[in-house]
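Chain naming follows the written order as A, B, C and D, and within any one chain the residues start at number 1.
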Amino acid sequence: MTPVLSLRGISLRFGGIAALTDVDLSVGAGEIHGIIGPNGAGKSSLLNVMTGIYRPDAGTIGIGDASFDRLPAHRLASLGVARTFQNIALFKGMSVLDNIAMGLRHRARATAFEQVLGLGRARREAAAARDAAAAMIARLNLEKFQDRPVAVLPYGVQKRVELARALVGHPKLLLLDEPMAGMTGSEKTALCEIILAARDKSGTTIVLVEHDMGVVMGISDRITVLDHGVRIADGTAAEVQSDPVVIEAYLGIDEAAEAAVALPAELVV
Amino acid sequence: MDWGFFAGVAIAGLLTGVMYSLVAIGFVLIYKTSGVLNFAQGAMVLFAALTFVSLDEMGVPFWVSFAITLAGMVLLGILIEKLVLRPLVNQPPITLFMATLGLSYVIEGAAQLFWGTQVHELDLGIEDVPLPLNAILISQFDLFCAGVAGALVLALTLLFRYTRTGLAFRAAAEDQYAALNTGLKLPRIWATVWGVAGFVSLVAGLLWGARTGVQFSLSLVVLKSLPVLVLGGFDSILGAIVGGLIIGLTETLAEVYIGPMVGGGIDQWIAYVIALVFLLVRPTGLFGQRSVERV
Amino acid sequence: MTRDNAAAFALLLVMALIVPLIPSDYMFDAILTPLLAVSLAALGLNLLAGYTGQVSLGSAAFMAVGAFGAYNLLIRIPGLPLLADFLLAGVVAAVLGVVFGLPSLRLRGFYLAISTLAAQFFVQWALTTVDWFSDGDTSGVLTTPPLSIAGVDIDSPVRRYLLSLAVVTLLTLVAIRLVRGRTGHDFLAVRDNELAARILGVPVLRTKLFACAISSFYIGIAGALWAFLYLRTVEPAGFDLDRSFEILFVIIIGGLASIRGAFLGAAFIVVLPLLLSRAGGAIFGATFDSGLVDIVEKIILGALIIFFLRVEPAGLSALAARMPLPRFVFNKNLGSVS
Amino acid sequence: MSFRGLLLAGAVAFGLGTAAAQAQSAATPQEQYFPLQSYRVGPYAAGGTGFFGGFIDYMNLINMRDGGVNGVKLTWSECETQYIVEQGVECYERMKNHVPAPSAWNPLSVGIAYAMIPGITADKVPLITIDHGRTDSTDGAVFPYVFPLLMNPYSETSAIVNFIGSRIGGDDKLATKSIVVLYHGSPYGKETIPIYQLLAKKYGFKLQQIEVPDPGTEQEAQWLEIRRIRPDYVVLRGWGVMNPVALKTAQKTGFPADHIIGNVWSNSEEDAKPAGDAAKGYIALTTQATGTQYPVIQQIENTVYSAGKGDMADKSRIGSVYYNLGVVNGILNVEAVRIAQAQFGDHTLTGDQMRWGFEHLDLDPARVQQLGAAGLFHSINVTCSDHEGHGLVTFQQWDGTQWHRISDWIAPDWALLRPIIEASADKYAAQNGITPRDCGKQVASAAP
C-alpha cells in the first residue's frame, strides 16, 4: 500500500545554514504521524517543503502516487492536501463562514460570469460550500462566531476556524503546524478528539508538528524526531522515548546513563 | 556616433539625476524611520523655497533667512508629526499615504496664503554657465549641487549607521513597540526625523528653485523623484543617490537618442519604465530591505 | 430584504424618479453627472485596491483609455450604438489594464503603487503624441459628436444624467453580485493572505489579472461617461495624476472594500468643494478676492481629509453603517420599505 | 449622515445660492454683466491675476469715468477655476443663468474654452479666446459665437517666421536657416505643428519640433538635442514653469538667448524674471506692448487706483504683459458693447446682440488713439466670416528687468492661412452636423 506521503533525501539550505539535511519520511494511510524536535530543528521547514512553500535543494516529495522535486503550492488542494499555519493564516476581511467555505475553493469551477448571473453551477457550488462550512461550524461548535469577521475573534477560536477550513474539504492528508500552541488544557483535549475523529471517520492521514510531548506521544502512531535538520529517530511513541539519541538531543546531558535515570515525568506517558 | 556628445549627454544626465536624488532623500528619511511615504514632500520643498525667497526679497540677509526658514521647517515637521501622523500611527500605509496627500493640500494652500501666488527669482550667487570645457557641459552650479548631494548622503549614512540617534531612528523604523519598550522617546525621535527632512526639503527647494524659479510648480519635482525611490529602494539613502544617477542617466540618454524616433517627450514615462525593469529583477529596489514573510 | 438593500433601493427610486424633476441644469451638469462618473471609477478602483489589495495610482490613465477608446470607436465605426461603444471602450481599457497589470504580479505595497505611474504617464504621453488617437485633430481637445440611443437624442442635462445613472446602476449591480460571490472571496483572500489563498487552490495570478481587467473595465467606462456625458470634450490633460489621486481619495475616504464607499467618497470629493466654494462665496464673497477664498477652501479640504482619516479610518461607509437609519425609511418588523 | 443626507444638503445649499443671486440683481438699473472664470491660484496664477486684474480695472475705469457705456453700468462676478477644465465648466454652469444674462465669456484657457463651445452656441452668448483657442474658430460661418480675437495660433506662427525672416534680411534667406520649435506637451503646444511644417516647406528652412513633457521643470535632454542640431533660432511655444527653465537650460547648454523667440504665452515678465540673467536678450512676440505710458493706463491709475478700487494687489505689475492684455481685452469687450448699443439701443444687451457687436468690432488706429491705447495695440477689424480681426503683432526684448519693443507692427500671412482654417472648420461642421451660415447676406437680424 503506497504511503500517502513519502519524502526522500530532502535537503534545504538558507545561504550558509543547512535547515534540512537528507531527511526521509514516509506516512502510511490513516496514520497519525508526529514530528518533534527542539526549536530550530527544521520541523516547520519540512512542513513548508511538503506544501511547496520552500523549494528543497535536493530530494523528492511523494504524495499518493505523484512525486515532485518541487510541489506546486497551488495544486496542493487538488491533491487532497490541507494544512494549518504556525501563526494562523486566516482571511481577516471575511467572516468565519466565508473563511471556512474557502476550504472547498479548489472544487469550484463556475466562472465569474456564471456567478454574476447566478446560473445553475455557480449557485449549486456556492450552496454546497455554505452547507459544508455550516456543518463544520456545528461540528467545531463555532456557531456563535459564524458571521463575525475573523480579525476580532480570540486566538483559540481562530485556531479552530483554521482547522475547520482545513477539514471542510475532507482532505486525504492533513498537515498541522503546532495546532496546540497557546491552547488551554480543555481546548487541547477537544482538538485531539477532532483530530482522532477526522482519522477514524474519514480516514484522514495526519502529520502533526507539535511541541506538546503529552499530546504527540498520546495520539501519534509513529513519530519522527528532527534535530538540526537531521532525522535522528523514527518509530512508535515507545521506541522514540527510550532512544538515547533522542533523549540526548532533547536534554543535552553528556552522560546518556545519567539521563536515563532522571527522565522528566511528562516525557513518560 | 559622436562620443564627445554622448559623454556630454551622459554627464548631463548624471547631474540631472543628482537633482532628483536631493528630493528622493527627503522621502527616504521619512519612510526609513516611520514607514510613511510622505507625499507632502513636494509641498514642503515649495514651502521652504517660498519662505526663503520671500524673506530674502524683504532684505533679510542670506544666512539669517536660511536659519529662519530652517526653524520654520523644523517646526512644520514637528506639527505634522504631532497632528497628522501620530494619531494615525497604527493605520495601514495606504491611509498614511493619503493623509500626507491631504497634508500636501494644506501646505500648498498655506504657502500661497502666506507668500502669495507670484513667481520669484532665486539667485544663490553661483554661476550656472558652462565651464570652458568643450563638449562636456558642466557649470559651477552643477558641481555645487553634486557636492551638496554627496555631502548630504554621506552625512545621513554616517548618522544612521554610526551614531546613537541614527541607531534610535533605525530601531523606531524596525518596530515601534519594541523601540518604546527600550525607553526610546519616540515623539522626540520622529520630531528630529521630520526636522532633518525639513532641512533636506529646504536644500532641495533652494537648488531646484534656483533653476526653475520659485513658484507653485516647484512642488511637481516630486514626480521626477518617485522612480528614483522605486529603483533605489524606499528605505535606502544610498539607493536614493544611486537610483537618481541611474534614472537621470538613462532618462536623458533615452530622450536624446530614442526620443526623436517616437515623437519626443518620452523622458517623463521612460524613467518609470526603467525603474520597473529593475524592479522585476529586485522587487524591493536595488538597496531596499527585502520583506521576509514569516509563515 | 436586508437593511442595506432596502436603503439602496429607496435611494435608487429617488434618484431615478424624483431627482429628474428638479428644474436646474446646474444640479445635473455640474454635480450629479460628474458624481456618477467619479463613483463608477471609484467602484472600479475599489475592486482592485479595496478588495484585492493592489493599490494603483494610474487609474486616470484607464479613464483616458476609455474616453479615447469610446471616441475613436464612435467615429471609426459608423452606426455603432452608444451603449455598445461604452462597452467596447471598457473592454479596450480592460485589455490595457491586464497588460499594465502584469508587472504587478511580482510587486507589493508602494513599489507596486509607484510602478502603476508608468501606465499613468505612458498613456498620457501616447494619447497626446500619437495623432491617430485624436483622429489627426491638431487641437488635441476633441469635441464629442452628438449622442443618441435608439433615436432618442441625449442632448439635455437630465437625459445625460439619466443615461449615466442607468449605466452606473447596472454596473453597480454586477459589482455587488461579483463581490458577494466566490470571485469576491478570491479577491479578499488574495488581499489578506496570498500564500494561504494559493494553498487553498485560489489561482492567485489569474485572480490578480482578473481584478485588473474588471477594475479597468469599470474605470474605462467611467472615463467614457466623464468625457461624453459630463465635459463633452476628450482631452488627455483631464486625466492627469491629480485625477488618479482624486479617485484613490474617494475610496479611502469612502471606505476600502465597500460598494457604497465608492459613492459616499465620490459625494464627499465632488460635492464638498462646491459647497465650500458656495459657502465661501456667500460669506466672504464681498470682502476677499475669489483666489483667497479658493486657497482657504483647499486648506480646509486637505484638513478635512486628514480629519476624516483620523475619525473613521475605515471611511464613510463604516460611519454610515453605524448611523441608525431614520424610522420612516425602513420599518424593522415588516422588512419592507414603508 | 448617509449618502442621501449629503446629497440633499448639497441641493438645498445650492438652491439658496442661485435664488439669492437672482432676486438681488433683478431690481437694479440697466447693467451689462460679464462672468469672469478667473484663476488666481495654482501654477498659472501669474497669468490669471494679471489678465483679470487688467480686465476688471478697465471696466472700473469705464464705470467711474463714463458712468458705464452710455449709462449702462458694467458688472461682473468671479469664479475660481485654477485653470482646471471641470472647475471652469462648473463655473460656466453656475453663472450662465445669471440675470441679466452674461454678455461674453472670457475663460482665458484652451481646455475650458473647448468644453464650453457647445454650451455657449446653444445659449447664443459669445466666447472670447483672445490670442489663443481653436484656430478654425476664426471662420465665423461655422463658429458664430467663438472669437479668437486679435490673433489665432496659426497667425502667431506665421508672424514669428516672418519676424525671423526680417532679422536675417528677408524671407528668401530663410532657406539657409534651421529652426527648432520647443513646444509644451499639451494640446495648446501641439496645435501649431502642421503650420510650422507648412511654412518650412514654403520657405525651405530646416525644421525640428521637440516636445517638453508637462510641467517641464527639467529640460536637460531637450536642450542637448538642440545643441546637437545647432539651429539658428529656437521658437519657444511654452506655458508656465517651462519658460524660465528653458531659458536657464539654454544658457547652460550655451545657446544665445537673443536667438530664442517666445510666442504670446511665453512673453511675460513672470516667464523671464525667474531665469535671471539667462533671460537677457530673450525676444518674444506680443499683441500688446508693455509699460504704463499709454493714456488709458494712466487714467486707470489716476481714477481707479487713486480711489482705492484697483484690483492689482502688487501695483508694480500694472503695465506688465498680462495686465496690459487684460486691459486690451477689456477695451475689445466694452467697444463691442458700445457698437451693439448703437445698433440695438442703450440698454442691457442680449448675448446674440453682443455677438453682433463683436462681428462689427472695427477699431482702426485712429479709433484706438481716441481710446487712449495708441501704441498699446494696433487695430482690429472683426467681421462675420473673420472672427480673429487681423490683429497685428510686435516683438519685445528682455533687458534683464523689463521688456522693450524692438520691431514695428508685423502682419501675419492671412491669405496663406485662410484655406487651412476653412478646411478644418468645414470638417468640424461636418462632424457635428452644423450648417455653416452664409456671412455674405448677414443683416442686423440678431434676436432683440
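Just so it is clear, contacts are C-beta pairs under 8 Å (C-beta built on N, C-alpha and C of every residue); 3 or more make two chains touch, one makes a residue touch a chain.
Model, not experiment: these values are computed from the prediction.
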A-C against B-C, pair bridged by the larger set of C-beta contacts
B-C
Hey, which chain ends up farthest from chain C, C-alpha centres compared?
A
CA centre of chain A versus CA centre of chain B: separation in Å?
48
Inter-centroid spacing, chain C versus chain A (mean Cα positions, whole Å):
44
Just curious, how far off is chain D from chain A if you go by their C-alpha centres, in Å?
75
Note: chain C sits from chain B at a C-alpha centroid distance in Å of 32
Residues within chain A bordering two or more other chains
53, 85, 89
Set of chain C residues in contact with two or more other chains
121, 125, 128-129, 195, 291-292, 295, 298
For chain D, write out the residues touching at least two other chains, lowest number first.
40-41, 45, 49, 185, 211, 213
Spell out the part of chain A that touches chain C in their complex, as residue ranges.
51-53, 73-78, 83, 85, 89-94, 98, 101-103, 105-106, 108, 110, 112, 115-118, 122, 125-126, 129, 165
Okay, in this complex, where on chain C does chain B touch?
49, 55, 103, 106-111, 113-115, 117-118, 121-122, 124-125, 128-130, 195, 241, 245, 248-249, 252-253, 256, 291-292, 295-296, 298-299, 301-306, 309-310, 313
Chain D touches which residues of chain B in the complex?
2, 5, 8-9, 12-13, 15-16, 19, 112, 116-123, 128-130, 137, 139, 208, 211-218, 220-221, 224, 251-252, 255-256, 259-260, 263-268
Applying the document's contact rule, which stretches of chain C touch chain A when the two form their complex?
174, 177-178, 181-183, 185-186, 188-189, 191-193, 195-204, 210, 214, 257
For chain B, which residues are in contact with chain C within the complex?
37, 83-84, 87-88, 91, 93-95, 97-99, 101-106, 108-110, 112-113, 117, 223, 226-227, 229-230, 234, 262-266, 268-269, 272-273, 275-276, 279-280, 283-285, 288, 291, 293, 295
